[in-house]
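Consider the two complexes below, in which chain A is the common component and chain B and chain C are the respective partners.
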Partner chain A sequence: MTSTHPTAQTLDIIKLNVRLANGRRLLRDVSLTLKPGEVRALVGESGAGKSMIGKAVLGILPNNLDISEGEIILEGAHLNAMTPSTRRKTVAKMSSLIPQDPLTALNPVRKIGPQITDPLIRIHGWSADRAMKRARDLLDRVHIRAPERVMASYPHELSGGMRQRILIAAAFAPSPRLIVADEPTTALDVTVQKQILKLIRELQRETGTAVLFVTHDMGVVAKISQQVTVLFAGRVMEDAPTQQVFEAPSHPYTQALIKATPTLNAVTKSFSPVPAELIAELHSDIAKIDAAYDAGDRA
Partner chain B sequence: MTHPIQPAISDVPALFSIRNLHLSFPDRAHKPLLGPAPRIEVLKGISLDIPKGQITGIVGESGSGKSTFGRILVRLLDPDSGQVLFDGQDIGSLNETELRPLRRDLQMIFQDPMSSLNPRHKVSRIITQPMKRYGRGGTRADAIAALGKVGLPPEFAERYPHELSGGQRQRVGIARAIALEPRFILADEIVSGLDVSSQAQVLTLLGDLARDMGLTIAFISHDLSVIQYLCDNVVVLHHGVIVDQGPVQTVFDAPQSNITKSLLAAIPTPEIDEDWWAETESF
Partner chain C sequence: MLAKTILIRLLSTAVTLFGVAVVVFTLIRVAPGNPISMMLPPGATQEDIANLNALYGFDKSLPEQFVIWLGGVLHGDFGTSITLRRPVSELVLGRLPATLELSVMALTIAVALGGFVAVIGARKRGTATEVGLDLTSGAVLSIPDFLWGLVFVLLFGVLWPILSISGRIDPRIDFDFTTNFYLIEGVLRGRFDVVGSTLSHMLMPAMSLALPLAAMIAQLLKQNLKEVLVQDYTTLARVRGFSETSVILREALRNAALPTIALIGVQFTFLIGGTVIVERLFAYEGLGNMAIDAVINRDLPLVQGIVLLFAALFTVINLLVDLSYTFLNPRLRNG
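== the complex of A and B ==
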């Protein structure tokens, strides 16, 4: 049923292409690996396909997209070779999502408690008692005072920062091998963002969970990740250790993204948008690559 | 935590002089069965001068009262008490009829361009409608000229908001505001929904326009790193009180309040720095 892959990686994506029904590619030969316990940032501008990679792994892309081309290997399991139901179960057991918008991600008419414990019971087969205890511990761990009261509350009774902490607790509760964090701090203000990042980092280190961290903010990349994949128009521009990316970015697009990020360092104070000429140049490169790809496709 | 009030943050003449401004909202969640709801004080006695021809940053966390304060400046909200002197005239107590001649002078750029641009109107109409309303022209050529100022080509006049990217929509919002040649613009979190590159474009554009046109702008943000690039002065709000203010570089180099320090420490700068994690406030 499931072919296994002799690998020590948590996640291995090999030449993944995502296409619209008309054949247009949204992801172009994306490859990346994620080691156990590692945080890899996926960074790029709106439309670069960074969220799409996370969604492709979790199998939550819209049905009209074709993701048959390329391999996604999660803990040795070849996801693309599986039947949809096996794939769903495998992914649910091994991974969690921390979504961007904490308001829409929680069911407004259910209490917080069951929203955390349900997956533990249904997917992971835990007893209700064990799931309740775990939920309480995790809420405590994300600094929620009075976890009992919060578990009996509805989402609208809680602040945005609190809801995001609840979603983090829920994501870490089953100790998954992989967490996809899809811009988890974009909706928050800077001080809360820092607290949330710190929580993710601590829990991730404690549990050894690997994290695919989607963000558009090079500042967040510098703080949270060990590895970086820089994306532009669904194509990997640079894949390198975070340290290297900030000390010596090799791709001009990476350099431009860093320059577009505000810094507080008064000495190197410079701040400029990604140059339009660079964008045009990258688009024309991609058009050439697509033309060659389409020609190969027909052959 | 309260600091002595120093209304003069700059030696440039003030366009706005705000004195001892108070505002409270009814707390409906705690309303008793009978009688009025208790009130939550949002602004607790703010005194501030906003210098003419400069960009003043207003910073604070969620709930600090920064947007509420901004909305009083453009008189979308009425203060409970205190003075709001706009060029010497107290606009805090004017009624809607008396305010009408001033409306054109007080413009606003909104956080979410999708909900602040009419989805059924083309960009040209979005820009020219207020111009016609205030008798400031409103021809197609005017729309194209306004688009030109924000770096958008003439063909954008024929587009609808949904056909634009987030950064382009925000430029249309700026074009609509500056086309009226207002004396004051309130920009409320206008880049927080944009990715870094669009953010850099919009900020650079706003900075250039402000310089070229001598605009007076109040720029509300929760992100001090953005303020540093754009603003001349900065005011830090916390729970409805001013905790820090002055020229941007002074406040950044020597923050007076712990609130300012923690806002500065929370900025994820694009540098590898393990020490960044050291000072994180707990929940």
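== the complex of A and C ==
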């Protein structure tokens, strides 16, 4: 099932629409691919739908959203054609999530060790010894001193940066084909952000895992990704290699977004918000597209 | 840390029990009716009354009587029952196992039933099943325990008589008890006829006491489960492939349980209070039933003994509830 798909992509999203119960679209015909071992950044302002794409793949969108339109193909498996329980198991076997807020993503009443090893044992069918060894090795790899002690600790005994490193270790533990990183550095302070970013990039290279990296920070995009998908109002504005996006952005919104990114050496000079006229123009485009879509829907 | 906490609790328990003793002692003596007039035949002379009063010490002033009684209590002597003519401590401790077995059984049923309904309700949140369970537990909650007792008597004692409606055990059973814990002893000694008969007598009163509490647990726990089930760590567990039921039981339940434990602590004392009426209804030979007789007969020493025992029981339960918080919530351990 995994090897028969002709495109051999890790992730293939084709014309995905996410809709509210009243029919309003939150994602509009989003298509993107992720090759094995590739890092793709999803950028856009808040509400652009960048997190929603990751959540749609992992199957953790709220129940009131309809994602039946479009295809999500993970390692050749058509997720939208599956029963909820098969989908859940398939996704769990092949992908992991690095969550946004490390302070709320660990269960406060359970020790760290079982929170890493539980899925390995109960979902991936590993032996307890193998899972323990894997957890120890990975905690060591993410520079956690005394992994044994940390595994016997509760989350409240550890710092935010440590917890995020633990969550990264947990995400890589089952050797997934795909990792969705949902703004994994947003909740951390700047010095820790850099370490975390470096860690994800190193582990990604070592393991060859494809990463869908959700962020609003163009600086982070430049550091981590090979491909960029720029989103606005649930629509793909630009899809190009990272270098090209920074050197010669083709879409006016991408150009504005890069201009709006403050740089360290010239904060005041280079900083300029995305122009309101451009935003208004883009919204009116979207309205036209939606009108055409609705007309087609009715026909 | 723990030792200090327990020491403080023991001290405050002593103060509480002293307060209870003072109040009960005073109240039952101020209330109308006195035991002496119930013991004497009509037409007794003033002299007889005075003699009997002197015998039981009722001729002394209230504070004097209290000091004498308290002095006895501190030496483990709770006085002698006026009507039953046996030491209060012996009578009360003889009945305590019956009430403990009944109330622990009721609590177990309430937690199991309420917890089960809460998990189902959380699993089916947002569906008609959840609404149905909410309505049912609302209805169950609004009917008090003694009324449930009458409903059960009608159902399983009269219409479909499969359970025993009166007493604690079938008197025809030939069994030499060494303790008054009939159920536990029956289990330990492998006598299933004893266990069966005890359960048959205990089930209806226990269910009557359990149902309102079960409904409360179901509602509170389900609400807390729903709040926990939107936390990030439960989302992460779903991504890792765990089913919703497994997420509820393994990730959410312990986090959601704390308010319910507090509720159970408070409500368990009400449940034990409820045994007084329910034991009466089913002629179950426990403390509550004895308490009613003691009050009717103005058996002052016995009433005092029973009330003090209930008070001690309540403080022990509260201590256990507080200790269970620390067990459930690691964040409270090194505080």
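Here is the rule we go by: the second predicted complex is superposed on the first by the 290 of 299 C-alpha atoms of A that agree within 3 Å, B and C clash if a C-alpha of one lies under 4 Å from a C-alpha of the other, contacts with A are read in each partner's own complex, and residues count from 1 in each chain.
The rule is simple: contacts are C-beta pairs under 8 Å (C-beta built on N, C-alpha and C of every residue); 3 or more make two chains touch, one makes a residue touch a chain.
Computed from a predicted model, the values in this text were never measured in an experiment.
In the model built by aligning both structures on chain A, chain B fits alongside chain C without clashing. Look at A:D189: by the touch rule set out above, it reaches chain B but stays clear of chain C. Within the superposed three-chain model, A:A295 lies out of touch with both chain B and chain C [touch as defined at top]. Of the two partner chains placed around the shared chain by superposition, chain C is the only one that A:L106 touches, whereas chain B remains out of contact. In the superposition on chain A, A:E45 makes contact with chain B only, while chain C stays out of contact range. With chain A as vertex, the superposed Cα centres of chain B and chain C define an angle of 80 degrees, given in steps of 10. The partner that reaches more residues of chain A, of the two candidates chain B and chain C, is B.
Contacts of A:A8 after superposition on the shared chain: neither chain B nor chain C is touched. In the superposition on chain A, A:A21 makes contact with neither chain B nor chain C. After superposing the two complexes on their shared chain, the closest approach between C-alpha atoms of chain B and chain C is 8 Å. No residue of chain A is contacted both by chain B in one complex and by chain C in the other. Listed in rising order, the residues of chain A touching chain C in the complex are 58-60, 63, 85, 88-89, 91-93, 95-97, 99-101, 104-110, 118-119, 122-123, 154, 156. Within the complex, the chain C residues that touch chain A are 126, 231-233, 235-243, 250-251, 254-255, 328-331.
Across the complex, chain B meets chain A through its residues 61-62, 165-166, 195-201, 203-204, 222-226, 228-229, 249, 252, 262-273, 276-277, 280-283. Interface residues of chain A facing chain B in the complex, by the touch rule stated above, are 45-46, 143-144, 160-161, 165, 189-195, 197-198, 201, 216-223, 242-243, 246-247, 256-258, 260-266, 269, 271-274.
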